[in-house]
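For reference, chains read A, B, C and D in written order, and residue numbers begin at 1 within each chain.
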Amino acid sequence: MIARDECGRVSFGRWDYLVQALIVLSLITFALETIPGLSQFHRKLLSYFEFFTVVIFSIEYLLRVILCRPSKSYAFSFFGIVDLVAILPFYISSGVDLRTVRAFRLLRLFRLLKLARYSSAMQRYHRAFMIAREELVLFGFTALIMFYLAAAGIYHFEHIVQPEIFSSVFHSFWWAIATLTTVGYGDIYPITVGGKIFTFFILMIGLGFVAVPTGLFASALSRARDEEKSESSK
Amino acid sequence: MIARDECGRVSFGRWDYLVQALIVLSLITFALETIPGLSQFHRKLLSYFEFFTVVIFSIEYLLRVILCRPSKSYAFSFFGIVDLVAILPFYISSGVDLRTVRAFRLLRLFRLLKLARYSSAMQRYHRAFMIAREELVLFGFTALIMFYLAAAGIYHFEHIVQPEIFSSVFHSFWWAIATLTTVGYGDIYPITVGGKIFTFFILMIGLGFVAVPTGLFASALSRARDEEKSESSK
Amino acid sequence: MIARDECGRVSFGRWDYLVQALIVLSLITFALETIPGLSQFHRKLLSYFEFFTVVIFSIEYLLRVILCRPSKSYAFSFFGIVDLVAILPFYISSGVDLRTVRAFRLLRLFRLLKLARYSSAMQRYHRAFMIAREELVLFGFTALIMFYLAAAGIYHFEHIVQPEIFSSVFHSFWWAIATLTTVGYGDIYPITVGGKIFTFFILMIGLGFVAVPTGLFASALSRARDEEKSESSK
Amino acid sequence: MIARDECGRVSFGRWDYLVQALIVLSLITFALETIPGLSQFHRKLLSYFEFFTVVIFSIEYLLRVILCRPSKSYAFSFFGIVDLVAILPFYISSGVDLRTVRAFRLLRLFRLLKLARYSSAMQRYHRAFMIAREELVLFGFTALIMFYLAAAGIYHFEHIVQPEIFSSVFHSFWWAIATLTTVGYGDIYPITVGGKIFTFFILMIGLGFVAVPTGLFASALSRARDEEKSESSK
């Protein structure tokens, strides 16, 4: 059972700034480790820093577990689990085979969520999401249908001429993503006249549908701000 | 004569959820069938499922035809025709030559419209479209003129240097679509100085025009929501 | 001296619909003529239609010149000049060398402006443009500075590594256009680390600046609608 | 200590127009100088014009330093420093080795900021930025996290298949920039199924986050306009 309390947000004063800085640094070192051709010395430095980070995070985790009342409420709260997942990869990966380490290391990205506790932007995003939740699901689903329709349609037009690129509706889905978000990498595009005309119509109709959830979220965000202000002025 | 009544929206209680799930599954299997190199076993499984789906949809269709009053009103309503078109391809395609089957199979995509009956998002889109109908036609037409102007202009600049790519105003239209929607696949772009300067101006002017219909639809959608709320609160 | 009166908007009843249809058809034939490998027969058909179109437009022009009071006011009005320019290329091109004909033919695109007389969308665009004129010039100029800054910056980063592609600030300007409008054809992009970081910052700052004029025009358009409504309700 | 006064905005009447025109011309010549294969004659012409420009700017700078009261307040103000930086490269570069000249020349771009003194658009941007400062930093930071998450995620999916292109999280960051801003050059894109599905989700979530700061700035800009109007009507 996941308890829902505010304990994970208990502040330790200046300690908080240290933890936040450590999270950011830890994310940067995660990126640095992936640079190919790092010297043995730099690798060592990065692993020492990772060790230091995990120690601090572990202390923070234990302190929160011990200090929080009612007891165990933190350990089973959202942020309690996030904090655990953020340090677990280190302890597990040292005991297992090297191959599976890579996937575990990715879990360190959950430290981003640790930042959310301190970030007021995140809290507003959360509030905005709760306001527009139903509509986002509704219109997100409609956008999904638009993607499906685009993929199934272009497959019909392009499959015979470009069997390697539009080899199934799922491959065409990749085209639909790149096109309706207007990214347009250029790795996949229609070459038949029918496919191009279809693209025109699907873009004219689809751009509006795909843009709707973004617009909904933006307006929910401004409503969230107004709510926050009226709450803080009370 | 197409009768306009609410009969197609008659609810059969829990049956509705089954039908919705079947529609979604049926669309997924439509996509699965297109994967190249499927085994005989999987092909069989998918065709069995398609058979099962059509049986259920046929029963639903017949029930609606029989139960709806005034009689025949459903059969000639919008959703009555959609429901028929969604199952027809199966019955027709089993009697005809294999070559024409492909085009008929595409009609199965009309099942997406069947979903619209259940989706409140679709109903709001419909309402928003009715609110902004006139303006959408007006400004959609203006956007079309913008596309035409862009195509005719770039043809003039690029035709001589890239006769293969900008071989007619219609080919240039494809460039106008990819450029003014900012997709930019990269299969067709100006290389002359004149063409590039023209692209700059057409983008500066055109982006606003193409974005207008999207903005109109978005604001119509929020008006549709307000109308819905004031209606439901009555 | 260009007189400013409403005479060009005099309606000839049903004749108007014929003229509008002719303009659209004439624009389509303009596009059809560019298709490579047209048969002699089709070319002839298109030129006959062009001849017919010009005759009708000439009659319309003469009628307006004769009927409009005060006399000559139409001939020197905006739409009077547009109407003349729309038919002139035909008369001039038959007398001159074939080489220069191409450029003159492009003037036929001015017939698009003839459509503006009949289109209420165009009139609203014009009104919106007048409302936001000053701001559009102001912020359009700022966007231009943004483009310049982007071009000059990326030239500094990429010139040495890609001297062929980023060969001058003007060539880099083409990159700035494709990037800040998010078209991204892929014919020109940074490959140095510095250039990529610069692109990141210029995108973060620039996207907002380039989007501002579009937003200004959209809000002016909605104000223009309100004005129109309050005028027509008087 | 940087003094904050309005002295840098002292107007010299018609002189102002000359200075503005010179700034714009000076920026154009900066671009012209980069054209490859300029003749000796044109190079000379451009350098003469640059010399002339710097003389005028130097006179303007000295006049402002002398005339402004309290004395020295201009020299240490924001625009005082901008004016100095805009002419300094000329004096310094004539004394140093040719290699380092290039970097100094780039400082001439600061003349763009000189324009800001005269531009009311710039003043409104500044005001809008001050209004939304806190929120822009907050949500700009969130957008940055989104970029990081996208880069780290795609690296995991694509690194093994495309080790040359997605060679580190930093290289993947370049992909995140091109994708989440929807530029999509096409030099870097996922080819694995996992990477494509990840791209779909990160686009669905990320587009909203990246668009938020732009929207914030746009609404701050309209608030800045209202403030300006209410101030000028007092």
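Simple rule for what comes next: a residue touches a chain if its C-beta (ideal position, glycine included) is under 8 Å from a C-beta of that chain, and two chains touch if they have at least 3 such contacts.
Because the structure is a prediction, the values reported are computed rather than measured.
Visitor: Which contact partners do chain A and chain D have in common?
Guide: The common neighbours are B, C.
Visitor: Given that chain C and chain D are copies of one sequence and touch, is their interface built from the same residue numbers on both sides (over half shared) or different ones?
Guide: different
Visitor: So what angle, to the nearest 5 degrees, turns chain B so that its CA atoms land on those of chain C?
Guide: That pair's rotation angle lands at 90 degrees.
Visitor: Which integer distance in Å separates the CA centroid of chain B from that of chain C?
Guide: For chain B versus chain C, the centre distance works out to 30 Å.
Visitor: For chain A and chain C, what's the span in angstrom between their mean Cα positions?
Guide: It comes to 42 Å between the two C-alpha centres.
Visitor: If you average the CA atoms of chain C and of chain D, how far apart do the two points sit, in angstrom?
Guide: From the centre of chain C to the centre of chain D is 30 Å.
Visitor: By residue number and range, which residues of chain D touch two or more other chains?
Guide: In chain D, residues 178, 182-186 touch at least two other chains, as defined above.
Visitor: Can you list the residues on chain B that touch chain A in the complex?
Guide: Touch list, chain B to chain A: 27, 30-31, 34-36, 102, 106, 109, 112, 115, 119-122, 125, 140, 143, 174, 177-178, 181-187, 213-214, 217-218, 221-222.
Visitor: Show which residues of chain D lie in contact with chain A when the two form their complex.
Guide: Residue list for chain D touching chain A: 138-139, 141-142, 145, 148-149, 151-153, 155-156, 159, 163, 167-170, 173, 178-179, 182-186, 189, 191, 196, 199-200, 203-204, 207-209, 211-212, 215, 219.
Visitor: For a test of understanding, state which residues of chain C touch chain A in their complex under the given definition.
Guide: Listed in rising order, the residues are 182, 184-186.
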